[in-house]
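Each chain carries a letter (A, B and C) given by its place in the written order, and its residues are counted from 1.
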Amino acid sequence: MISARSLTKRFGDFTAVDGIDFDIAPGESFGFLGPNGAGKSTTMRMIAATSTRTDGDLTVLGLDTNHHGPEIRAQLGIVPQGDLLDEELRVIDNLTVYGRYFGLPRAYVRRRAEDLLDFAQLREKRLSRVEGLSGGMKRRLTIARGLINNPRIMLLDEPTTGLDPQARHILWDRLFRLKEEGTTLVVTTHFMDEAEQLCDRLVVIDRGRIVTEGSPSSLIRRYSTREVLEVRFGSSRNEEAARTTAGIGDRQEVLPDRILIYADDGENALQAVLDRGLEPVTSLVRRSSLEDVFLRLTGRSLIE
Amino acid sequence: MTTTTGPAAVIDKTMAADPARARRWGWWAVVEHLVLRMRRYIATLLITGIGSPFLYLLGLGAGLGVLVDEGEGVGGVPYLTFVAPALVLASVMQTSVQENVLGTFGGFKWFNMFPAMRLTPVTPAQMAVGVQVGALIRVLPLLGFYLIAVVAFGIADPLRALALVPVGVLLSLAVGFLVMGWVSTQEHDRGQLSFVERFGVVPLTLFSGTYFPLDTLPGYLQPIGWVSPLWHAVELGRAAMYGHRPGIDLAAVHIGYLALLAAAGAWLSVRHFRRRLDE
Amino acid sequence: MIDDLRAPAPKVPGPLRGLYGGNTRSVIARGLRVIARNNWLIVLTGFFEPVFYLLSMGLGLGALIGAVEFYGNEVPYAAYIAPALMAVSAMNGALYDSTMNVFFRLRYGKLYDQMLSTSLGPLDVALGEIALALFRGLLYATGFMAVTTLLGLNLSWTAVLAIPAALVVAFGFAAVGLAATSFMKSFQHLDMVFFVMLPMFLLSATFFPITVYPEAVQWVIMAMPLWHAVDMIRQLTTGLIQPSIWGHLAYFGVMIAVGTTAATARLKALFLR
């Protein structure tokens, strides 16, 4: 459905996307994971044909994005960062107005808007002004708006950034429903839990380049251990403690505020730390996540 | 909040967007959006639309007329006849400018219209045209109310008054596209948007031979009138309403100048819209 | 690192306690700083509008009209409209500042939320806003007087008094405008202000004497504040001072008294919504 070869975008001297390749298959749920400024949104804009690539090839549904913007966007449902709703209009009007931009007949757009109101669970907000909605409601409305043209591909740019935990779960539930129906989803995110929830396959992207690619679980298996032990000794004693913990587990990362110890059995590793006479202020054993994959690959934390 | 909705599929596979239709009619969808927004201000629009012809024609025109006509009127006609087409067209200019500042800057910034449209098949050029037609949708009723007043007060006969409509449309397009061409380059509102009113609309209204013939101004101020789209439109309006000379003889020049401004403004606007939205 | 200096508790006695923190200075200082740093150009350009009107109408219409009678004397047309434009500019500035600007800041700027989370009270904020509006009014009035003096449109030494008179006018409109803003809930309400301003501007003896109208209409116009402002300032700049000037002053005295009382009473409705 989407195919990129040596895709590049430069803004003057700055290279935002640096020769990346990827293919997205029909019905697949595909993710771009990376920190802010990695080039995720720029890539999304090029897929939506709202940004012209500098070099390489990019086709969406077999059409070149540099020449067929309107034809491509007719088949896409786009959920941009920041929603871009007309906050002074009512909820229902935001849907119908948008549907008309796709050249859909007015009667059809009206009917479709009502259906999507149910999908987005905004029935009782039908006649409310958008400015009064919560962040989660606005995002659901934006997703409903993106569906008005029955798109074959949904592009979601950081769909749950800025939402509270409950609103995120409602949103994931709605997106999962779309996925079940066979809609192709393309998601950018800097949350590993979101990537784990939504994506069949993902690429980790950093400084405009693809660092690695695979399913969330295969990436964790490949680059991390089953469990991680996090210990804190207070910021002044951290480095000193790190010298003592050396050698415990498979691998260690020393961060300014804590030490991460990668091991298949976290409780064993904690016992080893205590056996060396160290007394951590706090300790936590958790399952390994994509955050650890990212840290391993780039030496930097995903969310700064 | 965990209720699941009915079993109906979210995606309706029987209906797909029609890019060809969107390519032809995208600009009209922009107009529909703007009209939907205007509905919120409908009371204000109606009151100002109906009230301002009466205030300007009867209040100002008739009042000043008493003073001016103590002489011999202006150019052989009563002051009210002289000033009426100018008041109509000055109102058209002001409305068109307002709608274009709001529609263009607001479309980019305040109500996210263009960035959201960008995610659909609508093109930047269609957005520019849509805003312009949206401005006309406000200008036309205003023209209508003025014409009713002009005819009701017996200032001109209905057919001649009707000729103000195409002149008003041309003027609205000329100033509208020019304003859009500039506003579309403005990224932030730090108060400079009000300069359009202060250094555009107000001085043009005052120095375009609106309230008095341009040649009563000192020579050094008259060039303001020559470049002013309002002056060219007013000359046309006066020619239409009472056969004012040399307005009639130079009609082709006035029409050509306004058309040229509209075309140049449109070209600039589309260029800036495209650049800003990165086609 | 932490100094032992605590914010002093406001010491305001009497009925204003809770409304007034006795620190209007800081609100004014902030306003002046914003003007100096950011929008001095915008403030400055506000001065041009009446000058444009004066040049256009005075030169152009003046050529058609010649002179106008004012209290039994013939006054050149430009000298006739100059004081009216000064009054209009005082009204416009004061009303814009006290309605639109205040409303925008309340709704979008969240500026007052910030101020009122300190030891300032709503009255400090209100007085500060009015003082800033008057400061702008003073700048415009002085600038305009300089222009009309250069053009020889001030016919008497009493024209100097037009500057304080313009401030009185501005104070009256600002106080009433602030009280009115406390009742406004939406932009549609804000539009009402302009429905009032435009007819006053066009009809209050600004560009021609109201004697052109039937007597009933004249009485309506004479009930409006702008007519009093125009007539008062015109008496001062032409030197044709009439006993009625005390009536005009009294009109604005009442406006100021009623406006500030109402605005103070509505302060909580205005700022603590």
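Basically, a contact is a pair of C-beta atoms (placed from the backbone, for glycine too) under 8 Å apart; a residue touches a chain by one contact, two chains touch by 3 or more.
Worth saying up front: this structure is predicted, and the values here are computed from it rather than measured.
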Averaging the CA atoms per chain, pick out the one whose centre lands closest to the mean of every protein CA shown.
B
Which one of the chains is farthest from chain C, going by Cα centres?
A
Could you tell me the distance, in whole angstrom, between the mean C-alpha positions of chain A and chain B?
45
For chain B paired with chain C, centre-to-centre distance based on mean C-alpha positions, whole Å:
31
Between chain A and chain C, centroid-to-centroid distance (C-alpha), Å:
54
Seen from chain A, its contact residues with chain B in the complex are 45, 48, 50-52, 69-71, 73-76, 78, 80, 83-89, 93, 97-98, 100-104, 108, 112, 115-116, 118-119, 121, 146-147, 149-151, 166, 170, 173, 177-178, 181, 183
Quick one: which bits of chain B touch chain A in the complex? Just the residue numbers, please.
1-6, 8-13, 15-26, 29-30, 32-33, 36-37, 40, 111-113, 115-123, 277-279
Chain B residues within the chain C interface of the complex
41, 43-44, 47-48, 51-52, 55-56, 59-60, 62-64, 66-68, 71, 74, 190-192, 194-195, 198-199, 202-203, 206-207, 211-212, 216-218, 221
Considering the complex alone, what residue numbers of chain C touch chain B?
38-39, 41-42, 45-46, 48-49, 52-53, 55-57, 59-61, 63-66, 68, 187-188, 191, 195, 198-199, 202-203, 207-208, 212-213
